[in-house]
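Consider the two complexes below, in which chain A is the common component and chain B and chain C are the respective partners.
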Partner chain A sequence: MGTSKVLKKDEWLKVIEDLRKGYKVFVPTKEGDFHFFREYKDGIRPDLNFSNTRLSPKGLIYPQSERMFECPLSKDQEGAFILKESPKDFGPQLVVGIRPCDAYGFLIVKRNFDNPQYRDPWWVRRYESTTFVGLGCNEPCPTCFCNAAAGGPFGEEGLDLLMWDLGDEYLIKPITEKGSNLLAKVEGKEAQDGEIKEAESLKKESQKKMDFSFDITPLKNKAQLELFNEPYWEDVAFSCINCGTCTYLCPTCWCFDIQDEVYKNHCDRIRNWDSCMFPLFTLHGSGHNPREKKFQRVRQRFMHKLKYYVDKYGNGIQCSGCGRCVRYCPVNIDIRNVIGLMCG
Partner chain B sequence: MIRYTEKIRERARELLGQGKVDVFIGYKKGTVPLMNQPVMIKRAEDVDQLLWDSNCCLNLANYLTKRTEKIGIVANGCNSRNIVIHILENQIKRDQLYILGIPCEGTIDHRAVLRAADNQELLGYSEDGKEFTIRGAGFEKTLKKEEFLRTNCKTCQHRNPVIYDELLGDPVPENTEVDPFSDVKGLETQPPEKKWSFFQNLISKCIRCYACRNACPLCYCPTCFVDESKPQWVGKSIDPIDTMTFHILRAYHCAGRCTDCGACERVCPVAIPMRQFTKKLNKDAKELFDWEAGLTLETRPLFDFYKTSDYNEFIY
Partner chain C sequence: MKNPYLPYPVKIDDIVVETEDKNLKTFKFVFLNPEDEANFKYMPGQFAELSVPGKGEIPIGIASSPTEKGYLTFTVNKVGVVTTFLHNMKVGDIMGIRGPLGNWYPWEEMEGKNVVIIGGGFAFTTLRSSVVYMLHPQNRPKFGKITVVYGARNPGLLLYKQELMEWEKRDDIEMHITVDAADDPNWKYNVGFVPAITEQKVKSSENAYAIVCGPPIMIKFTQPVLEKLGFPPERIILSLENRMKCAIGMCGRCNVGDQFVCKDGPVFSLAKLRTLPPEY
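== the complex of A and B ==
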């Protein structure tokens, strides 16, 4: 897939800046104490010296709130009451500095939004029009476990290009044809053996720092009902406050809720992120909710990620090990412990 | 503060062992430094999980709502005030509770601590009296606790529990010198548009996860107004109008009830200084009605009764 290139950091950032001519470019930028992916406009300072963004980049492909359809609501207007698709932007996007866990996260979501049975038109078009330039993790966080859940701190799956931080320079490796074509247009020296060796050793060193591992076999072999009826769920859920931090920060939580919003003579049909932690999640029209209690909602989150997904897609767990839910859960519910319980 | 840990374990063991309580609610050490986890202990042999240190920041009154057992619980100043409110508002009965009171020396602001570590993740935390030590990959720092107190702890005037069955240590001196409302006073003098932009700025990062609402012991409504669907009052998107509606209404629901425990601010995943929504209301309650929430079981809550001397200048 072409050869890797090495560029001085400021040269590469200049390349990214220039790419704004052809792409809507998203970069991590620091706001307050932590980083967010923001569109690289004038006034935005890209900052690749970060561990990971507070929110996953999920929203760049799958916005938290997206207008799907709309229609006028007064009889004398043309097209009254007939929903038409709202205009959407599917222009080329470039996401620079995405971590391998988050890029892998999109592949997990893709199995749900882009498969032979169902195809989410907007998710698919936006995903396909996006180029992902990853940044490998020299220093994985102690709460990360991408080595166990996804492709590791320098995992390539889901990326078009992968960057290595070599100190003053970046080594940039093409992963896909899309990435290769982009890199071919960039002026830069080809990576030398020494640099490639240095990159490989950074990868090995980083992997060594990650100490969480698990064997997925018990998750596959145990019956759904066995796990569902385990006595530990009430204890796991005790501290949970049923907020949406885990699900909203997660790169792989995909559930949504569709709402019609009316303002004056106009109706918008909007798709919003939903969360299995919320009391309205799966509330039936009859008033019945099969997951009425807190522990049932908590159980749903873990069963979905660690059992239903495993059974349905036969391709790992619905988690890329980014560690956000571990770091930011306000009551310290740690998915690594739950994996331990379910595998035990 | 860590000195309370052994006492909590000892008393919880006895209370559970003697059957005086069915369960004991406290904190245990989290898997991430600076994050403790609320825990419910059911067996005397499990009490060694319990702990008290400067990271006990969630409000445990939140875990009492409508429980039916006999419950042992640890409570510092603000937690005890929320227990009082829970009792007054019929969310739990006084005789269901056995409260181990903790004279509190304040808890620490995990965001400020992480900032001092250049926002690198921590691997370890330990504390010793007035200092604590954090450890990460390739660094270790010992910091003074008083410099890293949570903002609500800095101005707290009720560090000693107001209700308890046993106090686990000598009362600590209350800090009556400090003005808890100095920041609100600054905002009060601003013109309306400045105030509005202050609140707009506060909510600009909100992701509507409701951690603030759910961490708050006051928010126990069976169905929150934002979750009403027949009819629906508030939109679900991240439209700033809906987000602001949620925040302002939530704050007003806390008027005369908020103890400034700071749980809302502690849990926000995007670090919104949540207490700014409720502080003006707390100030008004204090100045107009001489009211601080949750100090006593003897008086009905502010909005529960009427005194002829109440502030009524707004009635024309």
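== the complex of A and C ==
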């Protein structure tokens, strides 16, 4: 895939700035106490000195709220009641500074939105038009466990380019052809043996800082009903307040709702992120609700991520180990403990 | 890339009030574009999303049979936002249909077998589709004996009454219509709950499949009857209803274990359901 390059930090940031000519560029920037991915417009200051964004970058491919279709609603208008696709921009996007866990997260989600039977046209087109420039993690947070759940702090899967922070410089490694073509156009010196060694040792050091590990075999081998009927679910769910923070921040939670909105004589069909933590999620018109109780919804979240997904796709768990749900849960529910229980 | 969320435009061609309480209406739709009709190839047991712009989409079982060409029918119970709006719509109104969706009753497996159809209340829609499909001259020789047990609370709540009476007269289908109670002295069919009538009338499970659709309570009490008759759980076929939005396995809410009711179902055998968490 070509050779890695090394650029001074400000040189590389200049390259990114110039790439705005060909791409819609997204960068992490600090707002208040937290970092967010924002479109790199004038006035936005990219800040790659961060641990991770509070919100996952899933919204860059799969917006929190997005128009699907629209139509007029009065009989005398042409095309009344016949829904047409709403116009959308599928121009090239470049996401710079995405963490390896989050890039891997898109691959987990892809199995849902892009499968042999159906393809979600909006997710697929936006994903395909996006280039991901990752930033490896020298200093993982105590809540991170990507080593166990995904490809680790310098994992390459799902990225087109991977950056190493070497202090004053970035080492930039091409991963895919898309990334390689982009890097080929960038002026910079080829990475030397010393720099490559330094990058390797940063990776090893970082991996050592993560101590959570698990073996997926019990999750595969135990039957769905066995795990479903375990006595610990009420305990796991006891303190949960069903706020939905965990699913909202998660890069690998993909559930959505579809709602029609009417303004004057115009209808928009809109899809919005939704959450299995909310009772309305599964409420039938008849009043019956298959997941009426809180513990049933908490169980669903963990069973989906750690069992149903495992069975359905035979490709790991539906979690990239980003640690957001652990960090921001107001009552400290920790998915790592639940993995421990389920594997026990 | 085909957009699986985009409904086909259709026109309401006819509306029939099915029940005395007027809570159930059958809607007949015709496609605005003939090529959409050609693309809409379905089998009994499948459903579609009825799409009312401005109100939303609802999953409804297809009540017509693929042997009935040129239109689709759906029987809708009035419960909430979309169904109530739909009940107030008129012949000639334009809306959308997205589908066909989900799997179907195991028609390939059931060839050469006896088929027992057991329905309760307004869940007779895809069962009607199935009966019409099997009775079609081209399909009738593919099946053995066909038995139908269909019950409602009272005679006024039975769906498709005219067709039921026509089937009663035929000798290639055995009909057992029943009501929980009838105050009509001229009621000449059965009185009793569906499970009890099934126990009395269905004599054998030999070489037979049972398809069961109805309210949860009916299903619960019919299961042991069928098992007593010797139906193995692999040959007891059920259809589930869970709340859903996308109906193509993406929005995440209709799952029963790792199975999506919309895409892997709505049709499941009892044997399969016994391996899954009972979240329906």
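We adopt the following convention: the second predicted complex is superposed on the first by the 344 of 344 C-alpha atoms of A that agree within 3 Å, B and C clash if a C-alpha of one lies under 4 Å from a C-alpha of the other, contacts with A are read in each partner's own complex, and residues count from 1 in each chain.
Rule of thumb we're sticking to: a contact is a pair of C-beta atoms (placed from the backbone, for glycine too) under 8 Å apart; a residue touches a chain by one contact, two chains touch by 3 or more.
Remember, predicted model here, so these are calculated numbers, not experimental data.
**Q** Identify whether chain B and chain C fit side by side or clash on chain A in the overlaid structures.
**A** Aligned through their shared chain, the two binders fit side by side on chain A.
**Q** Between chain B (first) and chain C (second), which does A:A80 come into contact with in this model arrangement: first, second, both, or neither?
**A** A:A80 sits against chain C, while chain B stays out of touch.
**Q** Put down the vertex angle at chain A formed with chain B and chain C, C-alpha centres only, nearest 10°.
**A** In the superposed model, the angle at chain A is 90 degrees.
**Q** Check whether A:L283 is in contact with chain B, with chain C, with both or with neither, and answer first, second, both or neither.
**A** both
**Q** Which holds for A:H304: it touches chain B only (first), chain C only (second), both, or neither?
**A** Only chain C is touched by A:H304; chain B is not.
**Q** Mind working out whether A:V186 is in touch with chain B, chain C, both or neither, as first, second, both or neither?
**A** Neither partner.
**Q** Considering only the touch criterion stated at the top, classify A:N112 as touching first (chain B), second (chain C), both, or neither.
**A** second
**Q** Of the two partner chains, chain B (first) and chain C (second), which one does A:Q259 touch, if any: first, second, both, or neither?
**A** both
**Q** Regarding the shared-chain residue A:I44, is it in contact with chain B (first), chain C (second), both, or neither?
**A** Neither partner.
**Q** Output check: A:F34 vs chain B and chain C. Expected answer is one of first, second, both, neither. What do you get?
**A** A:F34 sits against chain B, while chain C stays out of touch.
**Q** What's the minimum Cα gap, in whole angstrom, linking chain B and chain C in the superposed view?
**A** 6
**Q** Would you mind listing the overlap between the chain B footprint and the chain C footprint on chain A?
**A** 257, 259, 283
**Q** Considering only the defined contacts, which chain A positions touch chain C in the complex?
**A** 68-69, 71, 73, 80-83, 85, 112-113, 115, 117-121, 124-125, 223-225, 228, 254-260, 262, 267, 269, 274, 276, 281-286, 288, 290-291, 296, 300, 303-304, 307-309, 311-312
**Q** Any idea which chain C residues touch chain A in the complex?
**A** Checking each residue of chain C against chain A gives 1-7, 9, 32, 51-57, 79-80, 83, 93-96, 216, 241-243, 245-246, 248-255, 257-258, 263, 275-277, 279-280.
**Q** Chain A touches which residues of chain B in the complex?
**A** Chain B reaches chain A through residues 30-32, 35-40, 58, 62-63, 111, 114-115, 119-123, 137, 205, 207-211, 213-215, 223-224, 227, 229, 235-239, 266-267, 269-271.
**Q** Show which residues of chain A lie in contact with chain B when the two form their complex.
**A** Its residues touching chain B are 31-34, 51, 54-55, 64-65, 139, 141-143, 209, 235, 238-239, 241-245, 248-249, 257, 259, 261, 270, 272, 275, 278-280, 283, 326-334, 336-337.
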